[in-house]
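Presented below is the structure to which this report refers.
Each chain carries a letter (A, B, C and D) given by its place in the written order, and its residues are counted from 1.
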Amino acid sequence: MTDVRTRWRDFRHGVSARFDRLPKASKIGLIVVFIVFLYALPNKGFYEYLGLPLGEYIPLYTTRNDMATVLFQCGYYILLALGLNIVVGYAGLLDLGFFGFFAVGAYTVATLTSPRSKIFTEYNWLESPWPWLVALPIAIALSLLAGVILGWPVLRLRGDYLAIVTLGFAEMIRIVAQQNDWIFNGDRGISEIAHPPGKNADGSPIFAFDAKPYYWLVLTVIIGMVFLIRNLVRSRVGRAWVAIREDEDAAELMGVPTYKFKIWAFAMGAGIGGFSGALWAGQANFVNASTFRLEQSILVLAAVLLGGAGNIGGAILGGFLVIYVPEWLRSIGDVFGLPENVRIAGEPYDISATNLRYLFFGIILIVVMIFRPQGLWPNRRRAAEIKDREKEAMVGA
Amino acid sequence: MRQIFVRAIGGVALAALVLGGAAACKQDEGGTEGGSASKVCDLKIGFFGALSGGDAGLVTPGKQAADLAVKQYNAEHADCKVSIQAYDSQGKPELAGGLATSAVGDAKVVGIVGPAFSGESETANPIFQQAGLPVITQSATRPSLADNGWAIFHRGVGNDFSQGPAAAAYIKSINAAKVFVVDDQSAYGAGLADEVKKALGATVVASDKATDNQQDFSAIVTKVTSSGATALFYGGYTEEASPFLKQLRAGGYKGTFVGGDGIYDANMLSVTGNADVEGAVATCPCAPATTAKGTFVQDFKAEFNAEPGVYADVAYDLTKIYLEAIGEGKSSRADIQAFLKSYNKAGSATGVTYKWDDKGELDPAQVRVWSYIAKNGAWAPDKEIPKA
Amino acid sequence: MLLEVDNITLLYGRIQALHGITVHVNEGEIVALIGANGAGKTTTMRAVSGVRAIASGRIRFNGVDITRMRADLRVIQGICQSPEGRGVFPGMTVRENLEMGAYTRKDTGNIAKDMDHVLDLFPRLRERFKQAGGTLSGGEQQMLAVGRALMSRPKLLLLDEPSMGLAPMLIQQIFEIITEINQRDGTTILLVEQNAQQALSRAHRAYVLETGSIVKEGTGQELLHDPAVKDAYLGVA
Amino acid sequence: MNELINGFPVLTVTGLTQGAIYALVALGYTLVYGVLRLINFAHSDVFMIGTFGAIWTWSAFGFDANSPRPSVGGALGLIALAIVVAAILCGIFAMLVEVTAYRPLRARNAPPLAFLITAIGASFVLSEGMAAFTNRRQFGVPAMLPTDPLFSIGSWQVTPLQLTTIAVAILMMVALDWFVQRTKFGRGIRAVAQDANTAALMGVNKNRVILLVFLIGGLMAGVAAVLSDMKAASTRFNVGFLIGLKAFAAAVLGGIGNLRGAALGGILLGLAENYGSAVFGTNFRDFIGFLVLILLLMFRPTGLLGESLGRARA
């Protein structure tokens, strides 16, 4: 066990050292290759080309769910995780209600672009639905604003109090959306939400119900966001965030306006969350209140921490895994030919992988955290801190 | 050494670019099988709905019934079998789209039973429509679903427009002077409750809303008892209706409890308990067991060791419609869609005559809403509620 | 020998705090560790009581190897520490704090007697008996911490900076009590002190620490008159 | 508003009853938080297991939702038995959560957020495990106590169930308070909560104390589960979620880590929800709960009674 782990570590370090030593051009080349690989991921043809067995089961492909849709879901979760990572990973603020901002973004797009929205059908506030592209910046701006409005009173609280208050706010947003005689139409929701613009050569719209163009769109957005966040983190703002995370009082004494930077982090994260919601609303074409359950917020947080808080790569990995693993687990029963039902004492039990996948996912979360408390792909500096903490444990504790 | 490494990477990059382009150009498999083969076997019927998660209880009985129908079919057609492919949406619209796409991509899937809920229908049906894959829902009763111009859409039950006024008519028929209306804020429950309120008018003295997964109903119970209502309509599902009814009785409410088909299932009886459920009324756009039951109930019990749950009979009949089509050699989605359009027969378990109009609704004349009263631990058919 | 600390090293994160400390304490002795801030005195103490794990080396107590033993089990072995910064439980009364000292003891009958004894040593605590620990003054908390450590009837009492933050008169008083505990009850004491003058004049033997290493050892009197020690730690007395 | 005025007595009594249940569950959150500074997300699922423990106990004696009400004496006996079984079951599961999900992380001195993830993982495992085990079915609770009011003063009425719930909850809270304040083990818990390192220097075995804390939290959740079963009249694998959320909010409301705060917070939350539901409609019930919490935290950032376990006396 130890031997395998050491060898794996050496291998990893070897690879990363090799990568670091490469000339810049090759580095960029490698990254481009990887990105191309990501773009090719949802195409079945790609797997055929690689020579993977293309019968019923393909190891990477999610056979019980559409691969492109799963990847799109991963995509908007990655975007959410990137946003929450700024809040939790960089500024160290525990936010349990992050999905609330996703809701703000999604509902903004839905109410403005759907001809079925009550804005047009009941209230007559506007003449006709707006295009998706016009609603998008409004959605992002509103989520940002929601972040500021929420952050302004809340960020004076610390730690776990902040957690419950953010959780409460997200629940309150959901409860308001749940009211079916109000603008968001509750569980009946809003359908016929606009898609992004663009037409194929044959005149059919690019963005319709096929998730593939959406996946490519969200992938592009993620790549752009990564560059944006990288630059932000390396700026004065990023250093201030790290200072707040490490020791808020000390940062305050050093003259960092902590409150202002905390609101900044909150608003940035909220904006990205809203962006994600706006993208999702277009693809889903339908939004209703039951989408925004608390479990979603918790799942995003799990994504950030599982991947490794404070690291962009970690957030991406985490966002990918929390969606992909449960979806992939659906098909694992097919791969191994497991039975779907058993009968114990006359009572039939559903033991299909689909049914049990969140049970497995829970176990995976526990096991991963025990062996890698810093997350799968942590920020180097934080990983070092955590390693040091480990050494400082009490004797036998 | 380093030169070689760099060159290798460059090569890989180039290859990947080409490959990515090639892959992107390549069309995915999909569409339909070539129709020339004499008999196509191993066809699949998709079952689409919440098979896990909080709402699974409303859908799993239907899945079991569909499994039962297929099992019976396969026993007779051992040479050319059909299977059920489950698409577990957990009842969530955001998951439904992907599963619908995946069902569309599987050419063996020629028909869908479901999507079970109205919300997920909104996201899944446009995708089915695009691919021409017919669906018959056993329980999505939101009226507006039929207004989307989805040719593939069929509803195997009456919608809220047929059930709501019928429930109101029933409440009028028991001469309740004061009615309290509660819904669970779900698309189904709120829709139904709104129709009931509309039809009852001024006899509704007050209303309130419960929430998903609610356990403690004390505030509503207090309101109901202090309103002096003699009848209460609940729009929602057993999951909340059962504890609500029990708490109502414990709180001293003596009036009639009326619900929609969301409470017309065996769990409502067994979870609430005979003493408290006695006299509760469920309306359902489905005829009673006695009219055309066949052996469905016995078969279901033998197979699953439990009473058939809600919509089990509907799902059974709908699955059998697909099986009938397949049995007649229909093997493409288009053929089956055409078959459904001209279908006109009574289901063996529900007794409902399945004949769809061009919007996919059952013939309103065929939608007969019955009332059922809980008596001695069973739902006893009461009467067919006359159309207003 | 009651306590043998053999060549221990200890890390704080990546910083090495102890570079091979070797200390021994004989039964019935008062041994003092003196040195400047950050010399590693308190860290050595923590290593002995088990609050910090050591990186290498061995610790033996009363013939038992306790290198890997949990802190709470070391208390049962007979080591009890009065921690630096007093470590009084702020939400507990004086009485409860003292009872915490006797947490591991099985001879419940004698606890009341011992508490009386401690209260005799520190009459101030008797006055504050029902008051919460957090409301005591600094000196009173120090007394409470020492008294609490005595409640476990330790074979070896570890005192970390017992005079820190106390008024000169109280310092005198607390060191008299330390001597009394040692002479009358025969309790062995390992003492960490900034106040080298007092510590050396009370201790049988002493070690001088500098940046994580021992630079000198000897009897209290020897070190008290050692010019280098005088220069560095005793000030211009 | 009329509904609030007319129904005030009943709303108060039912609110107190629900509040008592919240308070018992909140104690589990607050105890663990007080000692470990950790939000034990899996606590709600431990509670859920207790609701099944009670049903299984009763069904072992042949009582299901259809059974006739037993005699009052028999009912009290059955309730007491169910409380014992559910409490033990919950205690065991709470300790299992600690040993499998938290202790290994503590041994590695993992950062606090890692605990949050294993907590979420443990919550998934318990609820989804129970879902698979019970086929996601809903189970009815047998009728136990008579529903006629036991006594009434004017328009204030109290049913046997309400009296039992409040009495049992008060009894448990008094017993817990006594245990924590007066016994040696209780002193150990408070010592670890106030200063874990010094507690170790006094010979307190930290792991044993933590295990004890989880056990007690589990016991309280088990008792609450039985009471909640009888009140709600049904259970399924996901009943823990909402009640856990409320109980956690109650714990924060009172000042997380503070036992008396949890009790007070639970009762206040129960009342606020009931009064609020009467005025604004039940659909705003949870909204009101959170609104009260947020407003309070704005003005008293550490809850009503402040944090720290065992400091209520000081």
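Just so we're on the same page, contacts are C-beta pairs under 8 Å (C-beta built on N, C-alpha and C of every residue); 3 or more make two chains touch, one makes a residue touch a chain.
Keep in mind the model is a prediction, meaning the values are calculated, not measured.
Student: Using the touch definition from the top, list the chains contacting both chain A and chain B.
Tutor: D
Student: Need the most distant chain from chain C, centre defined as the mean of C-alpha atoms.
Tutor: B
Student: How many angstrom between the C-alpha centroids of chain D and chain A?
Tutor: 32
Student: Taking each chain's centre as the mean position of its Cα atoms, how many Å separate chain B from chain D?
Tutor: About 36 Å, centre to centre.
Student: Calculate how many whole Å lie between the centre of chain B and the centre of chain C, each centre taken as the average of the chain's C-alpha atoms.
Tutor: Chain B and chain C have C-alpha centres separated by 74 Å.
Student: Just curious, how far off is chain C from chain A if you go by their C-alpha centres, in Å?
Tutor: 52
Student: Enumerate the residues of chain A that touch no fewer than two other chains.
Tutor: Expected reply: 178-179, 347-348, 350, 355, 358, 392-394, 397.
Student: Listing for chain D: what residues touch at least two other chains?
Tutor: Residues 197, 200, 206, 241, 283, 286.
Student: Of all the residues in chain C, which ones touch at least 2 other chains?
Tutor: 50-51, 70-71 - these are the residues of chain C that touch more than one other chain.
Student: Quick check on the complex: what are the chain D residues that touch chain C?
Tutor: So the residues of chain D in touch with chain C come to 184, 187-188, 190-191, 194-195, 197-206, 308-311, 313-314.
Student: Quick check on the complex: what are the chain A residues that touch chain D?
Tutor: So the residues of chain A touching chain D come out as 88, 94, 153-154, 156-158, 160-161, 163-165, 167-169, 171-172, 175-176, 178-179, 294, 298, 301-302, 305-306, 309, 347-351, 355-356, 358-359, 361-366, 369-370, 373-374, 386, 389-390, 392-394, 397.
Student: Which residues of chain D touch chain B once you look at their complex with the stated criterion?
Tutor: Touching chain B from chain D are residues 3, 6-7, 10-11, 14-15, 17-18, 64-69, 131, 136-143, 147, 159, 161, 228, 231-234, 236, 238-239, 241-243, 273-274, 277-278, 281-283, 285-286.
Student: Please name which positions on chain B make contact with chain A in the complex.
Tutor: Counting only chain B, the residues touching chain A are 5-6, 9-10, 12-13, 16-17, 19-20, 22-24, 26-29, 51-52, 60, 86-88, 91-94, 97-102, 105, 118-119, 122-123, 126-127, 130, 142, 148, 185-187, 190-191, 211-212, 304-305.
Student: Inside the complex, what are the residues of chain C that reach chain D?
Tutor: On the chain C side, the touching residues are 49-51, 70-73, 75-76, 80-81, 83, 87, 89-93, 96, 99-101, 103-104, 132, 134-135, 148, 152.
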